[in-house]
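Sharing a structure, written as structure tokens. Questions coming.
Every chain is named by a letter (A, B, C and D) in the order it is written, and numbering of its residues begins at 1.
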Amino acid sequence: MSTQTLTERPARSTLFDGLTRYIPIGATVALLIALYVGGIANYPKFDSPQVIAKLFIDNAPLLIIALGMTFVILSGGIDLSVGSVMAFSTMACAWLTVDAGIGAPLAVALVLAFGTGWGLLIGAVIHYFNVQPFIATLVGLFLFRGLTLQISDTDVSMREVDFWQWGMVHAVDVGKIRDGGFWLPNLSFVAFAVVIVSFVVLHYTRFGRGVYAIGGSEQSALLMGLPVARTKIGVYAISGFCAALAGVLAAFATKSANPLANVGAELDAIAAVVIGGTLLTGGAGFVLGTVAGVMVWGMLNTLIAFQGNLSSWWARIVMGILLLAFILLQRVLARSGEKRRT
Amino acid sequence: MSDDPIVQMTGIRKDFTGVRALDGVDFTLRPGEIHAVMGENGAGKSTLIKVLTGVHTPDAGDILLDGKSVRFHSPGAAQAAGISTVYQEVNLTDNLSVAENLFAGREPRVGPFINFRAMRRKAKALLDDIGIDLNVAAPLSSYSIAMQQLVAIARAVDIEAKVLILDEPTSSLDRDEVAVLLGVMRRLAAKGTAMVFISHFLDQVYEICDRMTVLRNGTLVGEWPTAELPQNALIGHMLGREAATLEQIERTAAAHHVGDEEPLIEAVGLGRKGSIAPYDLSVRRGEVVGLAGLLGSGRTETVRLIAGADRADSGELRFEGAKTGGHNPRTAAARGIAYCPENRKTEGLVGDLTVAENMILAMQASRGWARSIPVARRDKLVAEFIEKLDIRPANPDMPVKNLSGGNQQKVLLARWMLIEPKLLILDEPTRGIDVGAKADIQKLVAELSADGMAVLFVSAELDEVTRLSDRIAVLRDRELIAVLESEADMTTERIVDTIVAGGHSSE
Amino acid sequence: MWPVLILVALLVVNIIATGIDFIVPNVNDGRLGGAFVNILRRSAPLLLIALGMTLVIATKGIDLSVGAVYAIGAAIACQMIIDAPDQSAGSLIFSAIALALVVTAVIGAWNGTMVAYFGIQPIVATLILMIAGRGIAQLITGGQIPKVDDSSPFTELGRGSFLTIPLPIWIAALALLALALLTRRTALGMLLESVGGNPEASRLAGIRSKGITVLVYLVCGLCAGLAGLIGASNLGSADANNGGLWIELDAILAVVIGGTALLGGRFYLLGTTIGVVIIEVLEDTIINIGLSSQWQFTAKAIVVFIVALLQSPEFRAWILKPFKRKPATPAPAPAEEVLAK
Amino acid sequence: GGGDDSGDGGSGNGLVIGFAQVGAESAWRTANSDSVKAAAEAAGHTLKFVDGQQEQETQISAVRDFITQQVDAIVLAPVVETGWTDVLQEAEDAGIPVILADRGVEAADEDLYVTRLGSDFAEEGRKAGAWAAETFAADADGTKILELQGTTGSAPANDRKAGFFEVLDSEGLNYEIVDSQSGNFTAEEGKAVMETFITTHGLDGIDLLYAHNDEMGLGAIQAIEEAGKVPGKDIQIIIVDGSKAGFEAGVAGKLNYIVECNPVFGDQLMEVVESVVNGDEVEKFTPVEEGVFDATQFEAELPNRQF
């Protein structure tokens, strides 16, 4: 008897076990498809491929901050500073290239380094001084909005700097929209690159698995001997970098900087991450879920634009109702898959 | 065995706010030896380990590793220096898979990328090697605490450190797993690994350890070779009083009025899909019914249905003859059913609340929020139970998370005794509890049942179950296979036979 | 303790900048005035919301919808009053206030239900109403800003005074007292902390954790509604779009400055109160020391950062280290901090 | 024009017009949206209305959606001036004419839209400045001015400020800015900032309050009254916008000068859109008819107010 192997069946079947983790993201994708099909059924021209392509044009910066946010949320934290850091980065790009006359590539490098540095700093404060992430990053939200306004309280154009033209150059251009064609600019591909890198880092590196472990239980991760400090500070650095990069993309997208841009963008990013099936408590979620979440967010806005007869308030209410329906459905799907204890 | 110590700690002192957990403790570990650290709950064993491995910074004292002075700032640093540890609380992340937990931080890689296939293969091999068979791709959360503990041990063993520390690794294991673990430890000792072993099971300690260091109240009592320290001397050192004063519980089960009274509670075909097959079970007033079975056999699931913690999806539960509807923890408590869950950290205590608040929680819940318990009454009750259960430190205003494991368990018990239940359900109440406290709790159970309370008692220790119970329900594979009633049947061997035979041996 | 020091420091800065008049109240028109009293009066809506938020946060939750609920409460009352022929009728004012409070309480209960019964994460559950709520408020007002006659007694709620003390201060103080009594004289406070600290253990102990969660969000909604009423009556109008805009961030900030952790468990109503006053005093300080509006955000960030750091024992240990005699202990061991959580 | 194959949803031979509005941040804006919607309906056009919630990204996204939908014309009320080049170019490439409403875009993009219909904020500031310069010309000891700015960084706030002081300087008025803070265009903050002004500076000797919109001005008036002073007398007040509530306050004598900023230009807009789609020549800038009102005109003008 003592030589017998100790076996324990997991609570759920093996096949199912592999799948339960994918239920939230599966629900998101299913509902995304449902939204799209619903749009096609109700609005002419909704089947234009540009409807899909556009999700990655206007939402490229949002996608990038949401990816950075995914790292932070998976680790059990939150980053409220991304909207302000993004606006600040765009403004800094304008300031450096237009007023200070620094070469644009150098300016971009400086801005990205600054965003990363800010992330490192706030990550260190959160980790070493045990300041709650919500508060530490709220400081960033106020600080960078303030600094942005101090650089300029009006919008600044940077169209004169040739470098900024690159972002909106069509990288893919398949026919005219009117004839069922579509196009995608360079900056969308920057976003795709970030998606791929995030995916690989989060799912296939030690750092990425460490993020999940810390999100599951920081204490356990520490006792398991994982580099908690490095990982925790790292996720804020990544988020800071992503916010700065999103700011640079915004500079490409409009070739202008606006001190009041991206107010509330952090909430959009959080919403997208959560819609994508990532738990705010940390430890569970996927990069591709976030991509789906951003697509849902963009798709809801597209639907409202195609509907076109909603007053300002009905647009908000409808957005709320759609979000509610979405979250409830996701919940129902997830529950039917999950074994309930109560 | 070489005599050059691999770890030498001298004059270690550690203060927590309000508590001196360690005071001038020395500890020496030599290569290839298995060294037990013994002491009551709260003696400072875990703290000593945590000071060594960089979880806590000592307030005074020196640590030498291989003769060199060291001070680690994180468990990771200790691990890198060759000290691998299984801490008392299961320290894995249950959102990750079994394989990921085994290799977290040291995953096999191709370039910078993790090779998941290789990782799963190695995980499988590692678990096979120590004789457990799990789906390594499944999330750790889908396995019981016991399996999680084995996974944690496997991880620590695989790190192949020169020092392996096991802080109560066997607390939720039953005899087969313990046998496996002890085998692994012997193998490692033969290879020269030094091990620290902490356990409240004296027979395990005596079976495996070469030496013992005994702590009491944060101070060092002494260090002895196991062979030179007989059991009752050890207990005397641990408790600071004569072992003879420890009362051995001898239940006279037959004296109980079994069978002549209506059952207090009766489960008829009660079951829940996926967790426990429908079962019949009854408990009478003044009776102790034990639940025995291997790990994951469904003991916890059985009592959770009766406690209302889970909802049954078949059968019915009768309480005092009447069918219970809408059974949940609150209505159960109102009926007088108290449930001490096995996992006190996640299901039992509220870590941030004080000892006093945790104690009165159930009582307060049953009164509703509007009728708060008067402060004077509360203080009196709390003081009474702190004394009765000998909770240390006897400070009602301390956050309960700062108490040692055994004392936390007592707080949980006090919570339920306060509502004077008719049926007390104890799921592994003696897990991780020192000999003294364990005897106290066993005695308490005996007393309570003598006063007419019905008790449902789950324990991995068959001795304990047989000693305390009037009847024993045996489970296997999430099915209740037999209820042993006659005195002749109430032996450890009989239970094991029943489990092996799958229920057919019980006439 | 640290927040109190910060508050005192801010007050001193203001007194240096504008003279002792800053703190000394004066009486005009039988009503207490002066800079500091005005600040207190203006703090009332934020305080009400922050108090509700404190309870929600104690259950490990968060309520992002309070700003929108504020707008809804204000919109309902003002719209109902301006729709009536006689804006001064007592019964009208009463029913407008009652309706606003009932609706906002229902909204709060809705949030609580989503969290407790549907198991939706609080930040997401309340995000829905944060987005839709202002739409609802605009729907009520038809996108306009309803303006109540200055003669209507409704405006007394925000502008009037009782025993020379402005009514908003009374209302906020009574709310503080009521909530303090409700949570500390009954067992509600402890049960809240228990549910926030460990929901599963609370459930197994027989606590109606779902009911309590709903109750707490309900109270929070009610507080937000009451805050909206005070704000609306102070202005005599309800701005669905801007009324209480971003007040949720200030409220959360106040709660945290006051020492309540966002992770649930222990909560401090008095701490929250001090947090609110700090935030409000700060806004005046910027004007008083002659900084431009662009500095609003930056100054707030700096003060919040200082408070957050001072509250961190690890930071205090680190900053004091060079001044300590024996350099025996190295940098704070991060391991301990994590375990202390 | 691109109106050939895109009549989807359009009733009869009406046009499909996409309207990317700034938001619903003020009563002015709501009145503007209502006016445009009503005018489109009256003219038998289908209006695709999107509220940009004060975000440029949302507006750009809306314009791209309009392009995908192949509307006949796009009306854009840009939230900021810069950053529209690409999306306007896309509209042009798709053959859809763009008409700007209310605010303008930077001069370099002039070729990318057909015409702009709207107010001139700097001009509004100048109008306010002209009145102030005239009223206080005789003020010997210098005119002490308090200013309640709009949302920091927004175009109306910047332009109304710039236009105002531009005139004061060019007229050579001897003035002093006692304080100038943002009230975010809301009554709430306008009142709070004014209270602080009063406690910090007192009201004695202050001549003029210049509020960048109605709501802040009305909030400030309350603060002044609560401080026991008489608005309009103890301190003169100029507001910009001219909503009904603003005029009511004017009739009550609580303020002295209103610079109108007229949101009700829906009909005018529809005419412009129709001529643009028909390919008619239109002016590059069509000003909205706006007036200025002093104390003598408030009573007569009040009944004409639509918002």
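Everything that follows uses one rule, which is that a contact is a pair of C-beta atoms (placed from the backbone, for glycine too) under 8 Å apart; a residue touches a chain by one contact, two chains touch by 3 or more.
The model shown is predicted, which means the values in this text are computed figures rather than measured ones.
Visitor: Moving only between chains that touch, what is the shortest number of steps from chain B to chain D?
Guide: Minimal hop count between chain B and chain D: 2.
Visitor: Common contacts of chain C and chain D?
Guide: Chains that touch both chain C and chain D, as defined above, are A.
Visitor: Quick one: point me to the chain whose Cα centre is farthest from that of chain B.
Guide: D
Visitor: Express in whole angstrom the distance between the two chain centres, defined as the mean CA positions of chain A and chain D.
Guide: So the centre of chain A lies 35 Å away from the centre of chain D.
Visitor: So, what's the distance in Å between the C-alpha centres of chain C and chain B?
Guide: The mean C-alpha positions of chain B and chain C differ by 44 Å.
Visitor: Distance between chain A and chain C based on Cα centroids, please, to the nearest Å.
Guide: Computed value for the inter-centroid distance: 29 Å.
Visitor: Residues of chain D that contact two or more other chains, please.
Guide: Answer for chain D, listing residues that touch two or more other chains: 23-24, 30, 33, 152.
Visitor: Which chain A residues touch at least two other chains?
Guide: As it turns out, chain A has residues touching two or more other chains at 149, 153, 219, 222, 228-229, 311-313, 315-316, 342.
Visitor: Find every residue in chain B that makes contact with two or more other chains and list them.
Guide: If we look for residues of chain B contacting two or more partner chains, we find 55, 74-75, 309.
Visitor: So which chains actually touch one another? I want all the pairs, not just one.
Guide: Taking the chains two at a time, the touching pairs are A-B, A-C, A-D, B-C, C-D.
Visitor: Where on chain D is chain C touching in the complex?
Guide: Counting only chain D, the residues touching chain C are 23-27, 30, 33-34, 149, 152, 179-182, 184-188, 191-193, 195-197, 199-200, 215, 218-219, 222, 226-228, 245, 307.
Visitor: State the interface residues of chain A toward chain D in the complex, per the touch definition above.
Guide: Counting only chain A, the residues touching chain D are 43-45, 48, 50-51, 54, 57-58, 61, 149, 152-157, 159, 168, 176-178, 250, 253-263, 298, 301-302, 304-306, 308-313, 315-316.
Visitor: Sort out for me which residues of chain D touch chain A in the complex.
Guide: 5, 8-9, 18, 21, 23-24, 30, 33, 37, 46-51, 53-58, 60-62, 64-70, 80-86, 94, 106, 108, 151-155, 158
Visitor: Any idea which chain C residues touch chain D in the complex?
Guide: These residues of chain C touch chain D: 18, 21-22, 28-29, 33-35, 38, 42, 138, 143-145, 147, 159, 231, 234-237, 239, 241-243, 245, 283-284, 287-288, 292-294, 296.
Visitor: Taking the touch rule as given, give the residues of chain C at its contact with chain A in the complex, in rising order.
Guide: 64, 118-121, 123-125, 127-139, 143, 203, 240, 249, 252-253, 256, 261-263, 294-302, 304-305, 308-309, 311-315, 318, 332, 334-335, 337-339, 341
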